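For reference, the structures are reproduced in the following blocks.
After this come two complexes, each holding chain A, first together with chain B and then together with chain C.
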Partner chain A sequence: MEMSRRTAAPVKRRHLLQDNPSVLWFMGLLGLFTLGVTVLSEGFGIGLISTNLVKILGMTLCLCLIAIAMDVVWGYCGILSLGHFAFFGLGGYAIGMWLMYARTEIVIRESLAGSTIPPTEREVSEAVASQIFSVVGSNELPLIWSFAGSLPFQLAMVVLVPGLLALVFGWLAFRSRVTGVYLSILTQAMTLALSLYLFQNDTGLRGNNGLSGLQNIPGALHVPQSVISVWFFWASAFALGAGYLLFAWVVSGKFGSVIRAIRDNEARVRFLGYNVEGYKLFVFTLTAVISGIAGALYYPQAGIINPAEIAPIASIYLAVWVAIGGRGRLYGAVIGAALVSLLSSWLTGGGAPNIDLGFYRIIWTDWWLVMLGLGFVLVTLFFPKGIGGLFDYLVRKQ
Partner chain B sequence: MPRPALIATLALCLLVLWPLAPLSAQSDTPLQDVLQTVQEQVASPSRAQVGGVLDVLQEADAPGTAEFLTRWAEREVFERPEDGLFFYARDGADRTLTLIDLDTGEDVAEVTTRDVNQIRVNAGVRREIEGALVTFELLAPDRARRMAAVRTIARSPEADHIPVLESALSEEEDGAVATRMARVLDLLNARFASDSATRVAAIDALSGDITTEARRALNQILSTGSQFAPEIPEGTNVARIRTPGADLDLVDAYARLADADLVPPRPGRNAIRDALRANVSDGAVAGIPVHRLDTEEARREAYRLLQDEGIVPPLPTQAEMDAAVAQYVFFDAYLEPDADVTTAARAALDSTRTSVGIWQFVSLSLDALSLASIFFLAAIGLAITFGVMRVINMAHGEFIMMGAYTGYVVQTMIPDYTTSLIVALPMAFLVTFAAGVALERTVIRHLYTRPLETLLATFGISIALQQLAKNIFGTQARPLTAPDWLAGSIAFNDVASISTIRVAIFVMAIAFLLALLFILNRTRLGLEVRAVTQNPGMAASMGINPDRINMLTFGLGSGIAGVAGVSIGLVAQVTSEMGANYIVQSFMTVVVGGVGSVFGTLAGATLIGALQKGIEWFNPGNTLAAQTFMVLFIILFIQFRPKGIVALKGRAAGD
Partner chain C sequence: MTTLLEVSGVSVTFDGFRAINNLSIAIGEPELRAVIGPNGAGKTTFMDIVTGKTRPDEGRVIWGAQSVDLLKLSESDIAKIGIGRKFQKPTVFEEQSVRDNLAMALKNRRGPLSVLMWHATERDAARILELAAEIGLSDRLAHRAGDLSHGQKQWLEIGMLLAQDPRLLLVDEPAAGMTPAERAHTTDLLKRAARTRAVMVIEHDMEFIRRLECRVTVLHEGSVLAEGSLDHVTKNQQVIDVYLGR
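Showing the complex of A and B:
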């Protein structure tokens, strides 16, 4: 990580794993974890872990994936983006449109199958539209839903929509040299604009109702959720593993050195002749695409997506996870995201017992956010390396 | 001549003899006594005699006459045969009536329905009474009652009111009331006068009048209905001729002909489907197998086959529809047959358009200004902490919230709204000043070299404060009520008005601006703040304690946020999330305006406020869309002017 390796001999190309010994460890642990959850699940194993818990764990893996994306863009490249959860949400919306359309179409076709004359395509699509959009007082299919029935198209959208948005936004922002806190505020503004846009009823994504019923997978409507949950768990674990590998490769080698150098002193890198904007744009867009993919895996497990998920606060929580876990190391982001999100759902979901102090009763749902906020302040002030910093301590001790 | 009639005649004579009976106030004669003078005509009113009764009542002008007239017409007055007295009544138990005294309103007796006569008023009498009621009020000695009567007429205008109002106008002496009567008379004449010259004159008098009632009257005259006919009938006042295929949908035009039974109806998609469904035999319709009927073309083809067999009504071809529609002229005709009147009304309405437009713009500007003041208030504290000190304080919104809750707590303790507001403003400043100083001492001063982490740490504070507020005050919105003298609104006319509270907020914003400029530019503290901002090391060597200055500056910014919170709480709801709603916009205000300049913040707030209201005007009622586009605009704006509207230059820019 040190910039000043002036006396370095001709750099010998090192292997990815030499640069990142954590990759092997991580892959091993992820594999074991996946195996363990599968064996204990209801769908494929002995049923010690409920379907609901499998879903929560799968969702947590998706959050870990977006957290490592955030870590690359912030911890490695120094861009504190407060917009990555917007990309996550866009990925969710893209896949959610297909899930909702295709499932409704199947239901409609089944209900029309009994009629004496087979329905025309137009009748089916009108019935689907009125089924989906009656909640916002419309019965027409908005233009952006034109290809919602096509899985390949919507899968492409999962990648393209966040990617293009990040590309355009990043190009505009980096080109005019918006950096530091200004960039953070600008990304937050983008997130706010997007969530306000989605909150409107007439923008074709059902306003604040969002998209629902996403846990029902068209084509597998008769497969029990206990099985589907494990499928998605596997997909999420695979995506996280692949994402980890990809990012480990991105941040190692010369490219990684350049983006770390940009983080530490952007002007110097520019004077050395590097196209700083190009590097930043690449990192920003790549992480946005990965965030979109993470979202596309997350929301079918969550079952519902609405604009509140995209609100600026969500992106800030993402930064909190990464900061607590430890910036500038991929496993730190995973630890932060997993720990904070699991702890949060345990404490606010009523899982934790309330503590009676006699004079006051500590109700975790009330006090968790206070604790998180103050804990976060403490981490920022005293442990800038986050939980991941503990590993340095352990390694140095040996 | 029966005795009551005699008395009535006498009374009438008296009326004529005393034309200048006291007009200043209502007389003290009880209504019952007045009525007894014309007992028989009241008890069994006839159209011929009711006029005399009304004259008597009007002259006596006893209290409660108007109510009596209304209830008399509504058949709610009863006569007791024994003594001939009149009562109101209310239903009691077991088909009894409770009689109520006309003058005192007290219950008098409990009777059965057979003991009293309900006074029957026929339709002719009723109309007379209602007319008299209007006249009665229009001629009332009390100015306010006359005004109220005119207002009632303006609200539900009728042709019958014209003569009444004319005569009242001729006797009116009060200038303002007369003007108002003349205007309402114009409104009535414009719509109901019998000859077209009077109407045109009245309409001309209304031209340029931007009140809602005048424009409504004109629009009513101009209301149209769609019609069609082989050719336009003689005497039709045509507003517009519609050409099928251009400004009239062909299918709609044909459907209208079908509705009038002029052509056979055109079966729609659903009708075709139902017809096919009804004619399925052996898995096929007219020889076409059912499974092939899943396209529109196939269905139409099958339908035509059925049509050839004569089973279903024919499906007209495009050419047939064209031909049928071409036989008729489709046009919009004014409901008002007189072309002179509609032309005059159109001209009058057009003449108001410019001034209505100007006033709408004024109204929009006022809205924008008031929104800008709110943005400014929310952002001005940030202009200090972020703009001057370059400290990102994500908890700024929570300081606003803290100020608003302080106002709420003060209000629960001091019931008088004015006093509590006066106490709340400095209290809010003190509370948030203390909170700001505490935050600076404990957290922010450790992070001056790491601005991005200040953002994160203060965000942690923001989460904690928000949840704390939720724990203490609950999730539901708390009221922060403005004193009564701030509750009204200032109306310039029917188009433009602004509520007083928004004016107050505007004044508050100006006061803040001036106070801040004074502190920064004219006081020792301001000098030191600017010195520390520009070069802390140099300032320190000149004997300024940068720590102390940073602390005070941050406290000042936070304190201002608290006061802003009280003002914002007066127009918005006080919730634990209210600060979060303003934080992003506040940052954008500061960034757009230009970091480090108070005037920049002002410019930013004005731009954002104007922009949001402007966008809302194009897309009314959709605040969310306006906000979306506004944020997009800001993102683009920063591309082209990254340093904001007011960009600092030279050493003050700090980079």
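Showing the complex of A and C:
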């Protein structure tokens, strides 16, 4: 029976894009946006958009990528994870280790090049270690930096570290059937523990100093930031596009049907013969890996990563973005993440002029969080479908 | 007819309340069986035990010719081995279409990766159409399951049960909230299903059970009070006392 089923012809296999016109729209808009930013950039175009802004836009694309991952795990599968920024941060640390090590190594080799006796590998390694770790009072290379000079190794870590952490954590949590708010608290605790751990100086990741100078790309140290920023912008846009396609595929077919069913009534799904824990673990781990990749693209644009980035509040913001943008639809998550994070950097970065009302001066830096909180409450109460829900009205009108 | 499911000496206690008390019951394949009993007799708890939702304090639950111990399996493994369950309150996935509900229940591989790669074959599509016709929802396939009437949801759930192609169907109050015409249809469905499989129906409604024309097990205070034809058990003095005496 199994054989005959395999040979049975699929029924008019419709293309993913046919069933999801929003994917096509999204790809088109992302392509246009990328082209537009490139043409207006300093590195490749007429220079209307500053290098700094290109970096902010590229970072925003990375935030959109982790937001769609969050939407899949929460909006589609019903797991309110308050820990996905930990995976994002781990991805950033993994690539940051290579960036910092390789660049420091190049600098050291250049400075030692003039010496009469060529330096041994050991001397170079020791010099790199004391350069990187003197800030935490050490001059030894921690064990976890053993392969930091290898780009392929650290790239593998970008995927493996968040993936394995999610796999182990998820296996323990889902197997014990921890659900709902208890699971959220557990993920939050994981994030907090990781963040506090990284704050310590002896963890080998430079404590609260974090990793810095990540905008300098080894092998391209002579390339101006105006060009590098556009490279990373492209990479971020590509990653977002690929991630969007991947998740659209994951949530569109029968798999999407099953995870939405798990969200709505997981006990019933069990009685249909589906191993609910396996599905949750799959979704949790897949989204954690994508979050790690998003982080690995984000931090070279940010230039610095420190444990504060992993603080629990970041993961809560992530949930707020997705809620405001609209859960259960990928473009909703993108809208929420882009809108809120750009507004945030505009209002708190001094971009928005403060308003003097005479009797009171509105300072946006102070009021932004209040506005965000209020917006979250209003959306939750009155627009449970979020901003993305507006598209339903547009489609229905046609 | 061979024995398919054998429950023997099962007891379960919730906070000091003995919901199931040394219960022994068996069903063959194929067979249609009705289980009746007053409220609190342990009918639903019995189904919970067989489907793996509740673990009994003692007793054995044995499945099939290979004598598989069901108490060692998870809910999803029990479902995969061939036990399907319809709940008292219709539980379909309201946000999804009737077609998606049926497709999810179809007997196919259940692992995350095979489901990710799954594409409806002609056989699957034909099976869905066939099931939809059987449960009278052919013109509702594209509709949201949440938009169906109560009776239609009951049928959809029965359809999902049939889609799983189980060897044993546990059906909890299938006729609740149905019109007389819908009830007659449901009786036919269950009788037809019982030609090739074991079907166990929990019901309150005597008229409905009479139409099933099958062996009846009466549960009371967590154990079997009487078993036999409907006429036989309704003449039993203990059964009369339990049902009418209080």
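Note that the second predicted complex is superposed on the first by the 383 of 398 C-alpha atoms of A that agree within 3 Å, B and C clash if a C-alpha of one lies under 4 Å from a C-alpha of the other, contacts with A are read in each partner's own complex, and residues count from 1 in each chain.
By our rule, a contact is a pair of C-beta atoms (placed from the backbone, for glycine too) under 8 Å apart; a residue touches a chain by one contact, two chains touch by 3 or more.
Here the structure is a predicted model, which means the values were calculated and not measured.
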item: Partner chain in contact with A:Val276 - chain B first, chain C second, else both or neither; value: second
item: First, second, both or neither for A:Ser257, with chain B first and chain C second; value: second
item: Touching partner for A:Leu374 - first (chain B), second (chain C), both, neither; value: first
item: Touched partner set for A:Asn265, first chain B, second chain C, both or neither; value: second
item: First, second, both or neither for A:Ser115, with chain B first and chain C second; value: first
item: Residues of chain A touched, compared between chain B and chain C (which is higher); value: B
item: First, second, both or neither for A:Gly28, with chain B first and chain C second; value: neither
item: Chain B versus chain C as contact partner of A:Ala319, first or second or both or neither; value: first
item: Shared contact residues on chain A - chain B and chain C; value: none
item: Chain C - residues contacting chain A, complex; value: 51, 53, 74-77, 79-80, 84-85, 87, 91, 93-96, 100, 103-105, 108, 110-112, 115-116, 118-125, 160, 164
item: Contact set on chain A toward chain B in their complex; value: 80, 115-122, 169, 172-173, 175-178, 180-182, 184-186, 188-190, 192-193, 196-197, 199-200, 202, 312-313, 316, 319-320, 323, 366-377, 380-381, 384
item: Chain A-touching residues of chain B, taken from the complex the two chains share; value: 273, 276-277, 280, 285, 290-291, 293-296, 299, 392, 394, 443, 446-447, 451-453, 455-457, 459-468, 470-471, 580, 584, 587-588, 591, 622, 624-625, 627-628, 631-632, 634-636, 638-640, 642
item: Of all residues in chain A, those that touch chain C in their complex; value: 4-5, 8-11, 13, 250, 253-255, 257-258, 260-261, 264-265, 267-268, 270-276, 278-279, 282
